[in-house]
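Before anything else, here is the set of structures, which you'll find just below.
Note that chain A is present in both complexes that follow, paired respectively with chain B and with chain C.
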Partner chain A sequence: MPGLPVELEAVDTYYGDLRILKSISLSIAGGEFTALLGASGCGKTTLLRALAGFVPLRKGRILIGGNDISDLPPEKRGMAMMFQSYALWPHMNVARNIGYGLVLRRLNRKAVKRRVDEVMELVGLEGFGERRVTELSGGQRQRVALARALAINPPILLLDEPLSNLDARIRHNMRLEIRSLQKRLGITTILVTHDQEEALSMADRVIILDQGEIAQTGTPEDVYHRPVSPFVAHFVGADNSLPVHAQFANGTVTLSAPELDGETRLPLADGNGNEGVNAPNPIDGPMVALFHSEAATLSASGRSHRAEESCLLANGTVSQSSYLGKVYRHGVAIGAHEFLIDHHRRLKTGDDVQLRIEAAALNLFPKSESSATATQRG
Partner chain B sequence: MKTVDRQGLAAIVLMMPALVTLCVLFLYPLGYSLLWAFRNEEQDTWTLANFAKSFDFYSTDIIFTVLIVTVSTVLIGVCSILIAGYLALGENRVAVLILRWLYRWPLFIPFIVAGQLMRTFLAKNGMMNNILVSGGVIEPLQAVSFLDWRGIVVTFVWKQTPFVTLLLAGAIATLDRSTIEAARNLGARRFRVLLEIVVPQVSTTLMVGLILSYVLMMSVLSVPLMINAQSPTMITVDMAWRINSYGDYEVANALGFISYAMTAVVAWIYLRQGIRQDGSPT
Partner chain C sequence: MSVSQVFGGVLRGLILGLIAFAIFGPIANMLLWTVAEVWYYPHKLPLEWGFSFWERVFRPQGNARLSLVNSIFIALLTVVVSLAIAIPAGLALGRGRLPFRSLFLLLFLLPQAFPSLAVHMNIARIFYSLGLNGTYAGVVLVHTIQGLVFSVWISTAAFAAVDRELEEAARNMGAGPFRVFQTVTLPLALPGILASAIFVFLISLDEFTGTYFVGVPDITTLPLLLFTASMEGNYQIASITALILLIPSIAFMLAVEKFLKAEVLAKVGT
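Up next is the complex of A and B:
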């Protein structure tokens, strides 16, 4: 069955008196892979459970393919959900687990067996039909749960942190496998995760939730490179924060700070593909520049890039370093601030270095917004 | 080494009161009764005559007992599954709360009181018929007494269902809730979820509850005595009758042996289940 579009209209849900989802509205196109990303308690799982019918709506509507399903019980919604714990039935073998949804749809025994064999092959579980689910590894259980969800040929697939119980290697493989299966089958898929790498690598579109509200919706690139708020920037890993004074004029911003040598004028991103500083709320005055650890480069002090107009430069000292596998992460002290910067080789503690950040890697937010986010993050 | 010895001694000392109580108050009388089922005291000989007499006089009662207890066990199973299932899957929160509060009451009522309650409830002019007559469901002439095998079954089911439900509800509460939600998500209605997903996962607990109830019902004297003392009746009444009226301990012991054999069958299932569960990786 081709994927159906999903529409949420001003959805509100509560647990007791606690408002969890706050007037959530969003549209997901048929066949689209959407990731709901957010910290624990932000409401992402509640949103998925509301879609599946396990959490009642206090307000709003949910439309699937244009039909209002808000009042339908879970068994009549026709969606398939893959649970974080996999929720396999221990008293059934693999084939019976996978075929249960088909038996409920009153397919005859031959048709059930044929379809079960098909999906077992699809997820790489050939020959496992008679095995008890309790005898399977985590990765195999995850495949059974996925096969069970896919067996009924659902128009919408809901994935609740499906990879969180797997080790790193299997997790990476399963990301690719789920994504390629989803593309091949064209199922509208909604993934809930708190892992930004998982969301960015799998989804066509990422929705970031913050305290029951949508903080940003966009492509993975949008969310990562052009966050609309300090919360989103921090959430996708732009944790380096430099207080600056900003002056906006004619598509450029002039930044000054005690840590910088004089003033630096940088181009602003204009939304037409011209790269520059991301400043969704350009206000002259005190602002905070946020950037990712891998977005800056380090070089020995003295090799100045002063002539370049499209980057921010600052001089500092290496205070610590740690090995991350692919790169070394360095603590670089610049004035009263410390930044975490990745570099391909280890630099000695105490080395003087020059920090270079491309304009396109900088995200500028008014200081007031950034302070509010810092307070929220505790 | 000395520490180990001391620990072993402490374990034995701790165990002794329970062991002595078990031996003196249970194993000795049990063994004595079982042996004496094969005795003829007057002739001071070992014999099977007590069993022959038991089957001769009371074979109908033996079958009656097995049927009553088996039917009651099945009904207790059905009722407890329905109640525990509603407690777990019911969506009307008020109804669930009321049911949760109500269903345990019979647990705190002794069998003898339950028997007396049922006498006033199930008699021809009892409360049940009065309600049915005043409600216009039956005519006064149609009222019949339920103080026969049906009364015993009703009393047993009423008294034992809460016990099995309590065990079952506890076991269901420990299930991974998402296994229930996964079935509903795939299209199963709640009743089907109960039968195909929930009950198989708590079947061991259900079986243990039913076996314990079976054994308990086999040994109840007050209920059949108060509700259905006429023939056929349950073995416990026959045993009491042999002792109280004839002082015939030999036949009473033979009847006891027979009822013990009947409960031993289910006890064996219980023990086998326990061993399988401990030995099983799941």
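Up next is the complex of A and C:
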């Protein structure tokens, strides 16, 4: 079955008196892979469970392919969900777990067996049918859970932190496998995760949730490079922050700070493909510049790139370094602030370095917004 | 070997011997009585051995056969009635949605909290006015009241131990609530429920006071037969009856070990 579009209209859910989802509206196209990304307690799992029918809506509607399913019980929704715990039935073997939904659909025994074999092959579980699920490894259980969900040919697949119980190596493989299966089968897929790397690498579209509200919706590149709020910027890992004073004027911004020598004029991103500083809320005055660790480069001090346009320069000293496998992450002290910057080789602690950040790697937010999220996050 | 080591060894042997005697002494005495034909004071062992009393116990016209059949029939019915109450009650209580949950659990404990003679005497009076005295229904009900605390508590724990996500997964795959109960909840809670059934069966088999007040003289069970036989000084009959009663208890020990998982036991009463 080709994937059906999903539509949420001003959905509200409560846990007791606590409002969990706050008027969530979103539409997901048929066959699209959407990731719901957020910290724990942001409502992402509640949203998934509301879609599956396990959490009642207080307000709003859910439409699947144009039909209102808000009042249907879970068993009538036809959505297949893969649980974080996998929720495999320990009293059934692998084949019976996978075939459960098919037996309910009154397929005859032969057809069930054929479909179960087909799906087991799809997820790489050939010959595991007679095994007890309690004998399987984490990765194999995960495949059984995926096979069970896919067996019924669902128009919509819901994945609740499907990879969080796997070790890193298997996790990376499964990301690719799930993604390519989803593309091949064309199932509308909604993934819930707290892992930004997982969301960015798998999804067509990422929805970032913050306290029951949508903080940003966009392509992985959008949310990574053009966050709309300091919360989103922090969430996707732009953790370096430098307080600056900003002055906006016809497509450029002039930044100054005690840590910078003099003023720096940088172009603003204009949304037409011209690269520049991302400043969704340009207000003159105190702002905070946020950037990723890998977006800045370091060079030995003295060899100044002062002449270069469209980047921010600052001088500091290396305070520490750690090896991440591919690069070294350095702590660089600039004035009273410390930044974490990646560099391809280890620099000595105490070395004077120059920090260089491309305009396109900078995200500017008014200081007031930024401190608000800082206290929320704390 | 030092003196203290010898002393320690002797002491340990003595303690073990005492424990063994405390456990196996009465049972050994009982076993001897089952095969004794003639045995009187001051002789330490029976004077004549044989199985003639077994023949008397199992004689078709003897009381023992009827009592055995009665006991098993009543125990089975008690299990059925208890489960009919314990499964729905356990499902409701095990899920914690019910208000006053612990109050309900305590309610089932209440009959055990008072002296059983007092409880049963009053039950007998009530049953007399209802015409239940001397009927199988009356005896089964009395046994059910005794067994309910165990069957309800254990099945509550068994249902509480079933992971909710396993049921949600079944509903997600398209099963309605009853189908989920039938294919997921019940099979997963079954070991605990079986254990509670065995428990109730044994309680009913051993039950004395309730049967004495409600059943006598129309209904005789093995414990009543045992009581009468030993009151009459007929130790052979009493011992053989006791031995028969011992068999299901030993079977129970083995069954509990096989069925009852630690996580179910851990949830009893929570």
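Methods note: the second predicted complex is superposed on the first by the 378 of 378 C-alpha atoms of A that agree within 3 Å, B and C clash if a C-alpha of one lies under 4 Å from a C-alpha of the other, contacts with A are read in each partner's own complex, and residues count from 1 in each chain.
Simple rule for what comes next: contacts are C-beta pairs under 8 Å (C-beta built on N, C-alpha and C of every residue); 3 or more make two chains touch, one makes a residue touch a chain.
Here the structure is a predicted model, which means the values were calculated and not measured.
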Check your understanding: If chain A is used to align the two complexes, do chain B and chain C fit next to each other or clash?
Key -> clash
Exercise for review: For A:Gly3, select first, second, both or neither according to whether it touches chain B, chain C, the two together, or no partner.
Suggested key: neither
Review point. For A:Arg105, is the partner it touches chain B (first), chain C (second), both, or none of the two (neither)?
Key: both
Review point. Touching A:Thr134, do we find chain B (first), chain C (second), both, or neither?
Key: first
Check your understanding: Touch check for A:Pro155: first (chain B), second (chain C), both, or neither?
Key -> neither
Check your understanding: In the superposed arrangement, which partner chain does A:Met79 touch: chain B (first), chain C (second), both, or neither?
Key -> both
Check your understanding: Does chain B (first) or chain C (second) touch A:Pro220, or do both, or does neither?
Key -> neither
Check your understanding: Can you list the residues of chain A that meet both chain B and chain C?
Key -> 52-54, 73-76, 78-81, 83, 85, 87-91, 100-101, 104-105, 148, 152
Point to revise | Residues of chain B defined as touching chain A within the complex | key: 176, 178-179, 181-189, 192, 196-197, 200-201, 203, 281-282
Check your understanding: Which positions of chain A touch chain B when the two form their complex?
Key -> 52-54, 73-81, 83-85, 87-91, 100-101, 104-105, 132, 134, 148, 152
Review point. Inside the complex, what are the residues of chain A that reach chain C?
Key: 52-54, 73-76, 78-81, 83, 85, 87-91, 100-101, 104-105, 148, 152
Check your understanding: Okay, in this complex, where on chain C does chain A touch?
Key -> 163, 165-166, 168-176, 179, 183-184, 187-188
